[in-house]
Amino acid sequence: MTSHLMPPLALTLVDIGRILSLAVIAGGLLWLFLRAIKRKEVERRVIFLFIFVSVVAPILFPTVFQEKATPIVKDVFDKIESLPPGSVVLLSYDFDPAMAPEVQPMADAISRHCLVRGLKIIYMCLFATGQGQFTSTLENVIKPEFPDKVNLVDYVNIGYKAGNEGVLNVIITDFKKMFPTDVDGVPYDSIAVFKGIRSCKDLDLVISIGGGKPGIKEWILFVGDPGNVPIASGVAAVVAPLMYPYYPAQMLGMLGGIKGAAEYESELVHHYPQFKNSPTPALLMMGPQTLAHLVIMAFIVIGNILYLLERKKGRKR
Amino acid sequence: MKRNVPLAITFIVGAVLIFSVFIPPMENWGEDFTLFFDIIAVFAFFLGGGNLLRVHLTKLSRRKQDWPYSIVTIMGFLLMLAAGLFRIGNPGDINASLTEQGSLFQTIYDSVFVPLGSTMYALLAFFVASASYRAFRAKNREATILLVAAFIILLGRTPLGTIVTGWVPESFSILQIPNLAIWIMNSPNLAGQRAIMIGIGLGVVSMSLRLILGIERTYLGGDDK
Amino acid sequence: MKKTTLIIMAGVTVLFLLSWIIKALALEGMQEDYIKKAFLVTFSAFLTLSILSFLYRDNPFYKFAEHLFVGVSAAFWMSMGFWSTIVGNLIPRLSQNLSVFFKVHYIPGDFNFRFYIPVILGLLLLMRLSRNYGWISRWSLAFIVGTTAGLNFIRYLRSDFIKQISATFVPLLVDWQGTGHFFSNLDLSASGQLVMMLANWTIFLGVMSGIIYFFFSKEHTGMFGRASRFGIWVLMITFGASFGYTVMGRISLLVGRITFLFRDWLGFNI
Amino acid sequence: MRYILIIFSLILITFSAVIGQVDPVVTDSLAPVPAPPAPVTEVAVSDKANDHGHALIIEWKRSLDDGAGSNAVMLYEIFRSEFPDSAFKMVGSVPLGNERFEDIGTIEKESRDYIPDNTNLYYRVDAVTIDPVVRTSSEVYGPVQSYSNWFHKGRVPVLTAVLIFGALMVYFVSVARKGTELYVRPLAGIAAVDDAIGRATEMGRPILYILGLGTADMISTIASFTILSRVAKQVAEYQTELIVPCYDPIVMTVAQEVVKSSYLDAGHPDNYKEDSVFYITTNQFAYVAAVNGIMLRDLPATNVYMGKFYAESLILAETGAVAGSIQIAGTDEVGQLPFFIVACDYTLIGEELYAASAYLGREPIMLGSLKAQDYAKAAVIVLMILGLLAINVHLNAFIEIFKVVD
């Protein structure tokens, strides 16, 4: 999947497919461009074909683009980088399966980052269905990649409690009251992660991953602001624009949509080469997205060239 | 009877609901009326089903263009009705969920309804592209502004935005395309949305008032005779 | 029918059967009713491709899918509406006997007879099918229109009107610490003071000129006309931005369908 | 029987032994049973304001052992009774640190959490430790009554807006009735409709009118009916074919009436064909699939989209463009406006759709209401400027006026 890191001469089948499809698209666009210069409209079916190819090709022959983290994403990354090992981070899974394709990659990447930095993670969720999503992280990230990390010592899952912002309102003063045990019934006081943690105010960082209500907004209003707790978030693209007013004063950083996730994955691989073989679903999804966006932008440009030439000709006549 | 009774009904119902907002003991009326509305809507679905049958049976009997396809519609309709309304192929009791995994209804839903619906929806990806080729043209100043805004956002949402303008120093970072895209979403976009919203809000309010007062009555049709 | 049409039909049928068999062989041993499962996956893929074929041009496969979709969906909503609203919400409030029959929990209440109102109105609505008494369905319509007019009136006035106005009260001087401070820290950083202030100015002027554009009873000339022109520009930026922003979501939909075709149907490991 | 007796006595012996001997030891080895905490004080109960009754608010001063003292209090439990000294029933609990609880009941007498109005009620609050048995009750507060309010004070701004707007409307409608000429700015989209009908006639091709996905009660759909009636009138005069596929069965019945009476008004009732307005299905994409088919098969000269549209807007408009139709759209669904604006020839933006229907009606009453709307908009602008000034000089009292209590 990440074969772009291989020596350039070792061409795999995937590489050939990738080059071929890129050549097809590039050649096609050139052809379109030439036709536009000759002032010839092109049939819409050709346009459809372009989109189809530019979405299918990166799915079949995954192409990973290098993403450079934008400041708002970089802020989250740097915050985790700056925490000394042993710090405690809370990751809240505030989403359901429907939102998962967009935000699960964020949760996985951040978990990976925290664990490799030797931070301790408290997992919880404000959505009842977030539980199942944590299982996905546990099975796909923690167990295979960090076999030496021990439950209750390096991370703990305290699960879901009903009550939305009510839950937050309690844990800002006292964790134990809301979560007397973890999901498996282990009492609070015998969980090593919680040593020295009484409330959210003792946490070094809180990250809410989600895209609905309750979500990051509630975390900011009920925990971040009153408790002066550093808050970061990963949210679906729909919500991201609405959250900008909180950045950077009340929220130190944010991963917005699949692009934010991809930037984070990219940054992680950049700093920790050992992850270069870990799955990077968001980066993979950016392939079709980028190519399709590129093709659409090319259409706009070519369409306008055609239009301007036509108009010029019209004026002459 | 044909005109005055409906106008009176609209007036009374509308006025009562407006008052109920300011008078707490009437608060639940709004909820009730919404529930009534839902129930009437189900009757409307039956009306629709009857109409569908009528349209396609007419097509069939008059052998209109493409009439064989009407058989497909009628068969699909009857099959789904059998599975849904009469619970054929639905294991479990009368109070079992209609969407139980493995029931005929759910099977049709999963393997006919979902692929058809989501593929129709996915056609949008193609049409977005063809619209941007065909119609996104700088015909005048307004169209150009629209085009440029769209272009910046498109660029800002992909790695290309960072690649093209990533070199811009921090003190000019608003000129980095991704930041510019965000700024557009947050300021002019917000302003435009809000202006339209206020206008629509006013329009709805005044139309509602006209309806309640019986000034606007096109919805009743015309023939008084 | 034309000869080519027949050939294409036959070809598709063969491909369909082939896909069914291959899929069944692939699923054999892994799932219980693999023959049925293989058929369903193949059929879903067939419908998906039929709809996509519309992009080329209108054709019998699209017509088939379209007509099937229309029939199935009409019955879908009838069934869902009946079981969830009539059985779920109405019957428990109307009749104990029917509640027992449908095995739903009866909700007793003093004023439950009020739920006969929607039943009567619903039946009046069905009178529409009659030629002579169709007009009586207007009574139900009047009720529906009155209800939403009443509800909308307040709802819009409150959330789209009053609240939106007060949301536009923004400080025009963000973080103001004096002119000297402002000029010494002047830059175009995305989180800088100037950009923040510019944002608030844009919001205020944008909303105002946008509203001016929607003035209908005054000619758009002079100063007023200029403001209205600025308003339409702001609106155009809004539309362009939403267009650009939506593209990503639309592409994701297609990615979803293509993943279905290649992974669930053709069995690619992606 | 004998065995049972033996076992029973054995159990008794063991039990008494445990109680007699072991019990004190056990208490010592485990965490000590907390001492009963200090009670809450100053319990006060009042009726909840601005509601329909059946709800009260309980407030108190927290126990001295809550977050201080012996730190023993974990939560507070609130009890209610209709008698001062008995039959107390727990109605809720809140964690420590809280000093307020809203006891909100239902109106329905049969319901478990029914709270009677205008009846004497008594409340008490218990401070509860980690061991639910160890607790201290407060003094009983009461009697207190819940009652309903006849006016929602939090909604005064809304009422003010209603009254002002209503007055404006009534005034301008009466002005218009007197025959004063009111100017209305021409809308490009409306003029285009007339041209497009002429074009369809020339080409001998039908006109497709889409009312959108709205139901008959939506304002945009109602506005669309008015425009449809105008279109139908002209179509009847020119004797062009009109196709109106409907998404909602009620909308269809109304559309039928509207079209029929327009043909009647135009003096061509015999040209009206019953099946020109027909129902397709109430499912977004199935409807779109069918309309797409109609566009490519019947090749309408003009497509008019007026009403509520969602994601299908672009599918329709692009397919229409393929069929080579002139397209005129209007919707109040902000999210879909960009697509119509890009893909159609003319688009009525948001409020313009409503204005168009008033404009086409040409009745003085409609124009009067447009004028009232414009005055309301002017008021908005004035208020916005005032609010801006207020917030920049920190005059919060002005902003408070706009606070709407839900």
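A, B, C and D label the chains in the order they appear, each numbered from 1.
FYI, a contact is a pair of C-beta atoms (placed from the backbone, for glycine too) under 8 Å apart; a residue touches a chain by one contact, two chains touch by 3 or more.
Nothing here was measured: the structure is a model prediction, and the numbers come from that model.
Q: Using the touch definition up top, find the fewest steps from chain C to chain D.
A: Shortest path length, in steps: 1.
Q: According to the touch definition, list the chains common to the neighbour sets of chain A and chain C.
A: For chain A paired with chain C, the chains in contact with each are B, D, in label order.
Q: Which chain has its C-alpha centre farthest away from the C-alpha centre of chain D?
A: The chain farthest from chain D, judged by C-alpha centres, is A.
Q: When A-B is set beside B-C, which has more C-beta pairs in contact?
A: B-C
Q: With chain centres defined as C-alpha means, what is the inter-centre distance between chain A and chain B in Å?
A: Taking the mean C-alpha position of each chain, the two centres sit 30 Å apart.
Q: Calculate how many whole Å lie between the centre of chain B and the centre of chain C, each centre taken as the average of the chain's C-alpha atoms.
A: 4
Q: Measuring from the mean C-alpha position of chain A to the mean C-alpha position of chain D, what distance in angstrom results?
A: That gives a centre separation of 32 Å.
Q: CA centre of chain B versus CA centre of chain D: separation in Å?
A: That pair's centroid distance is 16 Å.
Q: Which residues of chain D are in contact with two or more other chains?
A: 158, 162, 165, 215-217, 219, 222, 250, 253-254, 280-283, 285-286, 289, 297, 334, 337-339, 341-342, 349-351, 355, 373, 377, 380
Q: Can you list every residue of chain A that touches 2 or more other chains, as numbers and ranges?
A: 44, 48, 51, 55, 71, 241, 259, 289, 292-293, 296
Q: Which positions in chain B are in touch with at least two other chains?
A: In chain B, 18, 21, 37, 41, 44-45, 47-48, 52, 66, 116-117, 120-121, 123-126, 128, 130, 132, 134, 136, 146-147, 150-151, 154, 157, 173, 179, 182, 185-186, 189, 193, 196-200, 202, 204-205, 207-209, 211, 219-221 touch at least two other chains.
Q: Between the chains shown, work out who touches whom and classify the graph as line, ring, star, complete or other.
A: It is complete, because no pair of chains fails to touch.
Q: Enumerate the contact residues on chain D facing chain A in the complex.
A: Checking each residue of chain D against chain A gives 74, 95-97, 322.
Q: Which of the residues in chain D come into contact with chain B in the complex?
A: 50-53, 107, 148-152, 155, 158-159, 162, 165-166, 169, 173, 215-217, 219, 222-223, 225-226, 229, 248-250, 252-254, 256-258, 260-262, 264-265, 275, 278-286, 288-289, 297, 311, 314-315, 317-319, 321, 332, 334, 337-339, 341-343, 349-351, 353-355, 357, 361, 365-366, 369, 372-373, 376-377, 380
Q: Okay, in this complex, where on chain C does chain A touch?
A: 55-56, 190-191, 245, 247-249, 251-252, 254-255, 258-259, 262, 268, 270
Q: Which residues, counting only chain A, touch chain D once they are in their complex?
A: 44, 170, 173-174, 177
Q: Taking the complex as given, what residues does chain C use to touch chain D?
A: Against chain D, chain C makes touches at 51, 54, 57-58, 62-63, 65-67, 69-74, 76-77, 108-110, 125, 128, 134, 137, 141, 144-145, 147-149, 152-154, 157-158, 161-163, 165-166, 168-173, 204, 207-208, 211-212, 214-220, 235, 238-240, 242-243, 246.
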